[in-house]
Amino acid sequence: MYFASDNCGPALPSVMQAVMDANDGYQPSYGDDALMGEVRALIRTQFEAPDAAVYLVATGTAANSLALSTLAQPWQTVFCTPLAHINTDECHAPEFFTGGSKLSLVGASDKMTPDQLRAAIERWTYGDVHVSQRGPVSLTQVTEMGHVYSLKELAALTGLAKTYRLPVHMDGARFANALAALECTPAEMTWRAGIDVLSFGGTKNGCMGVEAVIFFDPKHAWEFELRRKRAAHLFSKHRYLSAQMLGYLKDGTWRQMAARANAACARLAAGLRDAPGAVLQNDPQANMIFATLPRAAHQRLHDAGAVYGLFAPLKGDDAKEALPMRLVCDWSITDDLIDRFLDILTA
Amino acid sequence: MYFASDNCGPALPSVMQAVMDANDGYQPSYGDDALMGEVRALIRTQFEAPDAAVYLVATGTAANSLALSTLAQPWQTVFCTPLAHINTDECHAPEFFTGGSKLSLVGASDKMTPDQLRAAIERWTYGDVHVSQRGPVSLTQVTEMGHVYSLKELAALTGLAKTYRLPVHMDGARFANALAALECTPAEMTWRAGIDVLSFGGTKNGCMGVEAVIFFDPKHAWEFELRRKRAAHLFSKHRYLSAQMLGYLKDGTWRQMAARANAACARLAAGLRDAPGAVLQNDPQANMIFATLPRAAHQRLHDAGAVYGLFAPLKGDDAKEALPMRLVCDWSITDDLIDRFLDILTA
Amino acid sequence: MYFASDNCGPALPSVMQAVMDANDGYQPSYGDDALMGEVRALIRTQFEAPDAAVYLVATGTAANSLALSTLAQPWQTVFCTPLAHINTDECHAPEFFTGGSKLSLVGASDKMTPDQLRAAIERWTYGDVHVSQRGPVSLTQVTEMGHVYSLKELAALTGLAKTYRLPVHMDGARFANALAALECTPAEMTWRAGIDVLSFGGTKNGCMGVEAVIFFDPKHAWEFELRRKRAAHLFSKHRYLSAQMLGYLKDGTWRQMAARANAACARLAAGLRDAPGAVLQNDPQANMIFATLPRAAHQRLHDAGAVYGLFAPLKGDDAKEALPMRLVCDWSITDDLIDRFLDILTA
Amino acid sequence: MYFASDNCGPALPSVMQAVMDANDGYQPSYGDDALMGEVRALIRTQFEAPDAAVYLVATGTAANSLALSTLAQPWQTVFCTPLAHINTDECHAPEFFTGGSKLSLVGASDKMTPDQLRAAIERWTYGDVHVSQRGPVSLTQVTEMGHVYSLKELAALTGLAKTYRLPVHMDGARFANALAALECTPAEMTWRAGIDVLSFGGTKNGCMGVEAVIFFDPKHAWEFELRRKRAAHLFSKHRYLSAQMLGYLKDGTWRQMAARANAACARLAAGLRDAPGAVLQNDPQANMIFATLPRAAHQRLHDAGAVYGLFAPLKGDDAKEALPMRLVCDWSITDDLIDRFLDILTA
């Protein structure tokens, strides 16, 4: 019963098999491996983006920071929500890679509205040398609270950004889960919705450690290659990144696995809604649930070996006190585990 | 007949097996996996360094740059040779990670002498705010020309650095090959020889992509952890880095494989010395040969499918012109391949 | 009638005279001039801080950014208000000098309370490698809205910072005006109130361009000297910075001029309170007034040649619409000018 | 008898007068002062460059670092000589401002030849992501050894740079002295000779502290303005920078003063050539002499109060030992002082 994060589970069999298969003979290094050609072609096809520049790195923070540093000058600001991973969980990697950009926080939570974005942009006067200069907008899809921007919401935000001539980045660490939630195509959720650059997550949805950065307009391609190398994120034995991504992409595995994780999450959420004392804190649209449970319920789960994000001390006098929690379902969670978890709650 | 680089060959069976074995169940992320505990213990034991701080990253450039940035303030200079990988092959990663350090080049080639190091250090006046401030010394072992510093040479250089209170870093991308060449212990070639921080290479000698950074004095440990995260080099699914390193370290595999690669290189060098028209350019002490061959010989090798570093255009009128080349032997090169290569030369 | 900013007026006669006097003969460069010795001694005396490290730079942004970069590691955050000059008016200089620090915004306006500061600090979990690491607190005195922290308010904030072991910086671009408002000693408003480093403004209160950075604990002195040189803020002909500061400090000129500016501001504020249609937006405790006036009044002032900060278009249909403005009094504003300004309003 | 440096002497009367004259009434801040308009027009006229973008900063290091950071991406290298001020005397300011550029050293002394430059450029392979990327060439005129590139030499170097599409920067901290030596026009020594950006020194030749950065192609103007502000080098009371530059430029004062300094230097050099035991180490083409004198002569000069750069301990047993020295003549050195200096030598 492990719901701590989708970065704690095992990798997909198809990913592992592809890595094993790749471990044969010699291959040119530093991204010139034959497998990378296949990856590039597959992504271009699946995203209906024949000109896209496609790169692989090993961590989500690298994908985000390299992408944003390619879009933002050091004196420009990145617009994101206060809860954006780039703001809360990357130890200033965006500021480091950009050479000193500022994150301008939009709204008060995990999603932004066009009005909030406009207010944040207008906060910095155009053409005034003293202030933060307006730069890229970064949207997280799935958000850090488990919400999903609709295609309409995305279009409204990117449309507004375009009126200010600002590029738009999508942090898609859980891109597949969002896609499964919206039941749309990769193109519809990205370039057709006005996204310029995508951090396309693989790690959380079943890879060992690989993310793609996809530039739908390849004009920044060479700069990105230099930035990736300079940041020590260009792998010499690159074939093992390529292989992971191949095993992930082939036959639509990535979408199937995300759908499975979302379904597991829906099952868990449904159970929680019925569980005594449980209160959902978000509307779990993908694979993450934020909820509260009474301390006593947490204690029972803990004793049974359940692991998840608990944001308060377990020890305490008040057995009924509602303690906040996060539950994440990855591709490998089974119905049995979920039911066992729920049984403990309703026991 | 692939001698292009030791980053083009396959990974070791023991490494791949360890990765497969690690792909089971749930593990805490970001370096808190159980395997990392084993790695830490193994490295401390094998290096006779019970207090060492041990970290894993995925690329050699990350290991070097993170280690150096922990040792050098932005206004301090790093002393290294002109041919050091950090100077020639990392696209300013050391400058980026340190926030603007300068590399002060020592000597004229791949190895430095104490006299050359002293001259370089004395170049920058102590206590003068205008100049580059003296910072760490970085030594590459095996050097980029395939040479190995003797323990005595290392001690002389680190001793000199200590008289200036400068820390010493070792770029050990081919650490195992150097150790095999010197037939000494890891401790003797590092902290006993005055090395403060080691980039301990795994990738070139049979891993998919993992390097350890070892601080023999752990005082910088927390700073390093922050730097690693900030540079996006902390893996969420860290277990796969740990597993590689485990498969590499266990049962001394790493030392056996390096010895094998060095032996292959010696066989190849012996053959080249006898081959008509071949001239060795270095004294190959580990697994790298620099040599020249007549153009006609290169053409024959090329036609037979041999791949290696050729530093001049193959096409040309003068069949006898000596063209420079680099040959690298990794753990997987067989005697048969070497003999076939030599046969073509003497044909 | 020039109320646009205290950086638009002339320099003090005493400052200009000191500069002329300094222009004689030869002087060692780069801060080794004899006048700097006098400056250091005067500041140490006036601040009752015999061990303080004292440095001069030419701009307020340089003073703030160099001071903060000495206190904050790149992975640490600086706590300041949203309206802090370092956040709104320095084009990412703090982020640049620190190598990528983040500004964590405290409260919602120009002053922070201990509760707001505690909430902001607690926002970043101690010891978690993923988040922004807690760093220095920066307080602006006089604030950007013309308010002044009382000694008690300062002590409460610095006391809280100390419980978290965080250093405290004061942006004192208008330090003299705050001192005049509080009628206390420099020591009381700085190190006795828990301030560790002060940006001590000279420019706005009558110098051509000079600010002191004062470290009450000199442990960072050498690092600051390196940072100042590396940022190109060490003047070769440093005597002209020293001379300005001398002309400013001698005989308490700086405090008299600030008192004069504050008095002028009080006269202007009193007049505004009585003026038809004028509404004060702040409680002007030093030399800055935020207010609104009907458009028609702005038009009359404009026609008469008055200059000040007008934060809305002058042109417009509604003559009665209240348009926001900022008025700043520097040392050179005369009662006559103020009365003339007020006469226009009441005309 | 002060020959230590041209940054130890007084400022020109015309510069001081202009500063005094500027200290009247109110002026818009941050470069919008009326005087800056005059400066811009004067420089454009004197350089025959009607489109040039012209900016003022207060230090030579700021001028160089801001100019170079505008030309060089962080992954690009700057080509300069080992003795270039940007390499030896700016405490990594170029590396800091560029965000981690590397200085690639050309030749072995203070001047570079086209062959040396070509070799340095060819050192870094075009289009290889691993290496330092080719960036701007920086030439110092007058060099740090008192030499002057001829117009033909400049054209050869800039012509070579253009074949590689590399921009060329000139560090003209002693631009006026070079111009006086070559007896050419400012245009001939800059844009007509292929210079793209000039650091135009004022400080060493009689200002308190002001340098212009002149972009002959204004395409980088806005970026430079942002970089200047972000580096805290935009002055609020900018008029005092403008005034200095005006007093320097008006009526050709700057050229007359440089000619005077060069003439003084020539007189001193001639005397040294005749002085017993003196050996010139450079061919002093502008206002700097490098020479050796016997220790005894140094002692006599020292006892008489002469001050200059002595690069060895004065104390020593061997009275005849030749000790190296540097002598710089600024605009204020008189024939009397020089003759007195020479008299001591020949005494």
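Annotations for the structure displayed:
Read from first to last, the chains carry the letters A, B, C and D; within each, the first residue is number 1.
In the analysis below, a contact is a pair of C-beta atoms (placed from the backbone, for glycine too) under 8 Å apart; a residue touches a chain by one contact, two chains touch by 3 or more.
Treat the numbers as computed from the prediction; the structure is a model and nothing was measured.
Set against the C-alpha centre of chain C, every other chain centre is closer than that of B.
Annotation: 51 Å between the Cα-based centres of chain A and chain D.
Separating the CA-averaged centres of chain A and chain B is a span of 34 Å. Centre to centre, using the average C-alpha position, chain B and chain D are separated by 42 Å.
Across the assembly, chain C contributes residues 30, 74-75, 90-92, 96, 99-100, 129-130, 133, 226, 229-230, 234 that each touch 2 or more other chains. Viewed as a network of touching protein chains, the structure reduces to a complete graph with every chain in contact with every other. Chain C makes touch with chain A in their complex at residues 74-75, 88-92, 95-96, 98-103, 105, 129-133.
Those residues of chain C that touch chain D in the shared complex are 2, 4-5, 7-11, 16, 19-20, 23-30, 57-62, 65-66, 90-93, 96-97, 203-204, 208-209, 226, 229-237, 240, 307. Note for the complex: chain A touches chain D at residues 30, 73-75, 99-100, 129-130, 133, 223, 225-227, 229-230, 234.
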